[in-house]
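You will see two complexes here that share subunit A, one where it goes with subunit B and one where it goes with subunit C.
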Partner chain A sequence: MKLWLMVLLGLLASTAAGIDINDDFDDPALQERYRAIINETRCLVCQNQTIADSNAGLAVDLRREIRAMLESGASDQQIVDFLVGRYGDFVLYRPPLKRTTWLLWASPVVFLLIGLAVVGVTLMRRSKQPIELDGDEWAPLSFSPSPSTFSTWRLYCCRFGAARD
Partner chain B sequence: MIPELGQFALVLAVGLCLIQGVLPLWGAAVRNADWVAVARPAAAGQFVFVAIAFAILMQAFLSNDFSVAYVARNSNTALPTMYKVAAVWGAHEGSLLLWSLVLAGWTVAVAVGSRGLPEIFAARVLGVLGLISAGILLFTVATSNPFERLPVPPLDGNDLNPLLQDPALAIHPPMLYIGYVGFAVAFAFAVAALLAGRLDREWARWTRPWTTWAWMFLTMGIALGSWWAYYELGWGGWWFWDPVENASFMPWLLGTALIHSLAVTEKRGLFKSWTLLLAIGTFSLSLLGTFLVRSGVLVSVHAFAADPARGVFILMLLGSITGTALVLYAVRARNMVAEGGFHAVSREVALLLNNVFLVGATAAVLFGTLYPLFLDALGAGKISVGPPFFEIVFLIPMLPLLFLLGLGMHTAWRTMQATTLLRMVRIPALVAVLVGLIVPWLWFDRLSVLSAVGIVSGCWVVAASLRDPIALWRSQRRLPRGQWGMIVAHCGLGLFVLGVTVTSAYNIEIDESIRPGESLEIGSYELGFRGLRNVEGPNYRAVEGEFELRRDGTLVTVLAPQKRVYNVQTSPMTEASIDSAWSRDVFVALGDSLGDGAWSVRLQYKPMIRFIWFGALVMALGGLLATTDRRYRNATAPKPSPATDTLEDAA
Partner chain C sequence: MWRYLIPVLLFAGLVAFFARGLQLDPSYVPSPLIGKPIPEFTLPTLADPNVSLSDRDLRGELSLLNVWATWCVGCRQEHGYLVELAAQSGLPIYGLNWKDDTDAARRWLQQLGDPYRVTAVDADGRIAIDFGVYGAPETFLVDADGTILFKHLSPLTAEVWQREFLPRIAQAAGQ
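Presenting the complex of A and B:
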């Protein structure tokens, strides 16, 4: 445990960027897939870094491994399965959808739906209550106020009449 | 001897905090004017003693007193003086002391600024702040004493973490703390209102400027941290959705919601209990952030379980502060319902939706940050929740928020004709769509759907914000400063969105090996590698690369990225070199020697990345304008009569 922590903290201080100087894939689509995968894979011996951002030995090895798999025609899913098989779900920065994570993925939408429902109920209740105009409402400002239209002018006065500088 | 005086000062400060917490609150409950009057002197005394402790710790750093364990761990004789000062808050113990000092500073500011408020109310606010200070100071004294001595002082110290030896990082923590500790003031105002069982529009007018000040500092603090990460971590990213970043971002999101909800409470006297809940929630998230960062729970749940003393203490503190406030809320808030109607197209609804989206985003970030911890603690497996998750769940509420923002700014209170609103925003909308689609097309000649949405949203927010100033300029009218604050802050948000979208859509990144004399092309630029030289720093040695940045054959600048090895903590550090302009940054980081004179380099072209931090700065400026509106300056004057009250509100 102690040793593990010391390893972790030691790595924490190192910021040498993971510079991947291997030649690009000839196929730009393959290069794109490669970048996408390494940018979502966690470097397990680092402090919260992707293998794209790290130069730790493990990150370099994994990049080489993923590169080789892509070259031999593996699909993204096969590569993810390989990574998860070896290191578990922890290696993926995009949590897979499963029994223990559906709540995580559903939560943002659920929060919003609850919020919108609350707005709906509040609005229904409030729109039935009387609206008293007392002159200090924030009146909209028209682009070209013409004094001939009385109503626009009135709104202007309400809004800025009392705004002393 | 002197460090022991520091510890003694801290213990005295705890005592004064308890007096400041207990006597005024009790005095307010039993209407004892003498006890109520204790609040201000106790607050001043507390501040003095915390400041003495802080000064003594700083003196220990400046005089290289390595008999103090904290100094020995985080300083070194060769450390430049500026970083010796910054090292005071460079690690756990000192940063807690800074936390206390900042809170004491806010307390004194409230003690001075609340002179015009009813005596009992001010006493309650100061009392609540005193109890919070007492908790944090007790935590410092009991588990994280910065003045602990070493039996055998080392000859030299272990040096400050090299990552932290940077000017931006010297001022980032104070800014951040002034921000998120500052939400304690809004919290204390909320608890004081709950204790009184009464909340009126005056209350919102007193609370608003304090909240906005805190928000402004937090905005700058987060922006500074992001800027630092960009150039110091050496990867060229500016936000990593790291739990430590989320810890400061969640109070910011909820604090933003609070600012908007306070506007409704001030103008209409509505949403009272909701505003109170947000004030309690925002500071609770600040405390939760302190727990996450300071307990070690983020490194691993098991590391936390192995040494739980600190974590459990903060968790108890969080539980008792938030818990007490929520119980009080449950008992008292239901009495605070106000009557007042509004229709579907109104500013009330716009701000309500703003709150739904901001709170939804906060909840999603909170859930994503805590979920892996809970899963691990329950033994249900280890997962990572990273940027791919946060980017999706953050965009879901943010896109509708940006769309509504442009409309909401032009709505009227209570009710308005939808057609009037649409007529007002049609020109900004047209401008946003045209500029947002055509300019990137001309500039970069490609445009994806997502980046088009982002760029148009950014332009829309900016154009909608500028509509009122333009209309005013044409009619030779003047706006109150609070209005300007809103316009400027929203404009800043638009600029920020533009920066984020353009950078992520058109960023070019090249990792290559390069030899002296060779050159690389990036965008319309060419980078030539002249060679390497050795550099000797005050407490490090470095290899420095010399790169010529050329455009169309003419020299733009010479970039000099370094690879540093510090004398004490010897892990290598990447110091990127950046040529920045409004329209783009060119970023070079030196990797490793590959032998044979070749070096690996990372080269990045980042269009409009400056807009990210500039936008945040403009947002903070908006906050500054809003807090200095004259109606808040008048808020410290003796309580106005009902007649002047309405006049104030009109302004």
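Presenting the complex of A and C:
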């Protein structure tokens, strides 16, 4: 069963890599730049695929266009400008940092900071609570639940976790 | 007490966020070409391949450029309205036949009526790329200077015409 799955996945992988592989550039450096660009360009027809992955008509056309531009000596930046000038920043998998995209770029950091703040506040509150042992079941934890809501919540979580184990 | 409200408020915020998200069209990509001049092109016409249509032909009066193809279901859907619109509004509608079979395209216009002043043939889709086309039907509103005022994705309907096109046409006429 596992073997069949592996064979199946192997076959799928070869078809995915098979798009547009038959006409390589003569120059390996050009081929590498081509590969890099088409793997960073979004296909607007099937929006979660790159134009390297997609066989939609538009993706084929754009690959052909990028290929022609590379062959005629265009720089990577010229090709990116060509694409963005027609389809907007959305065509890039890495949109540039600007007024309309800063929130997109900042959101991972913002969420991380929110998470750290929650952890910090929780730890500070907890360190202010008196530590006292009560009952055997909490001995390994070396602190006890206080009547605060958070601790009650934690108590249920710990019990649930222990029961599952 | 108020700390019990936090999850409720968070949940309400999440619901509002997703409710808004559901109403947005994820396939809609704003075109960077709005407010810019139409791309230069010279293409053979559908009626006669020896005659060409160029971007200069679109200058001089307000016009529509409609990207269509016989393989496009949405184009079939809007075609009746385009025929009606061409007759009523008197606005010139230019067609851009995108990556299509020209014989099928001619038959389509014979059978369903021809709303276009001229249809240009973009057989390999090269000019469509310059127009940032990614899904037919697309309809561009082009002013007399050849500036793209607006682009509509998906089939044109009377409602879309009223809501999106008429105010912009009125504004362009007022200037």
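Quick notes on this one:
One rule holds for everything that comes next: the second predicted complex is superposed on the first by the 98 of 165 C-alpha atoms of A that agree within 3 Å, B and C clash if a C-alpha of one lies under 4 Å from a C-alpha of the other, contacts with A are read in each partner's own complex, and residues count from 1 in each chain.
By our rule, contacts are C-beta pairs under 8 Å (C-beta built on N, C-alpha and C of every residue); 3 or more make two chains touch, one makes a residue touch a chain.
Keep in mind that what you see is a predicted model, and the values were worked out from it rather than measured.
Between subunit B and subunit C, it is B that contacts the larger number of residues in subunit A.
Once chain A of one complex is fitted onto chain A of the other, the partner contacts of A:L30 are absent, as it touches neither subunit B nor subunit C.
Shared-chain residue A:V84: touches subunit C; no touch with subunit B. In the superposed pair of complexes, A:L92 makes contact with subunit B only, with no contact to subunit C. In the superposed model, A:A74 lies in contact with neither subunit B nor subunit C. Once chain A of one complex is fitted onto chain A of the other, the partner contacts of A:K128 are limited to subunit B, with no touch recorded for subunit C. In the superposed pair of complexes, A:D53 makes contact with subunit B only, with no contact to subunit C. In the superposition on chain A, A:V118 makes contact with subunit B only, not with subunit C. Contacts of subunit A with subunit B, set against its contacts with subunit C after fitting on chain A, overlap at residues 47, 88, 90. Residue ranges of subunit C in contact with subunit A, taken from their complex: 3-4, 26-27, 29-33, 99, 124-126, 128-135. Residues 44-45, 47, 57-58, 61-62, 65, 84-88, 90, 149 of subunit A touch subunit C in their complex.
Taken together, the subunit A residues at the contact with subunit B in this complex read 1, 5, 8, 10, 13-21, 40, 42, 47-48, 50, 53, 55, 88-95, 100-101, 103-105, 107-109, 111-112, 115-116, 118-119, 122-123, 126-145, 156, 160-165.
Residues of subunit B that touch subunit A in their complex: 161-163, 232-235, 237, 240, 242-243, 267, 299, 302-303, 306, 339-344, 347-349, 352-353, 355-357, 359-360, 363-364, 367-368, 371, 375, 380-389, 393, 396-397, 410-416, 420-421, 424, 427, 468, 471-472, 474-475, 477-480, 511-513, 563, 569, 571-574, 589, 591-592, 594, 600-602, 646-647, 649-651.
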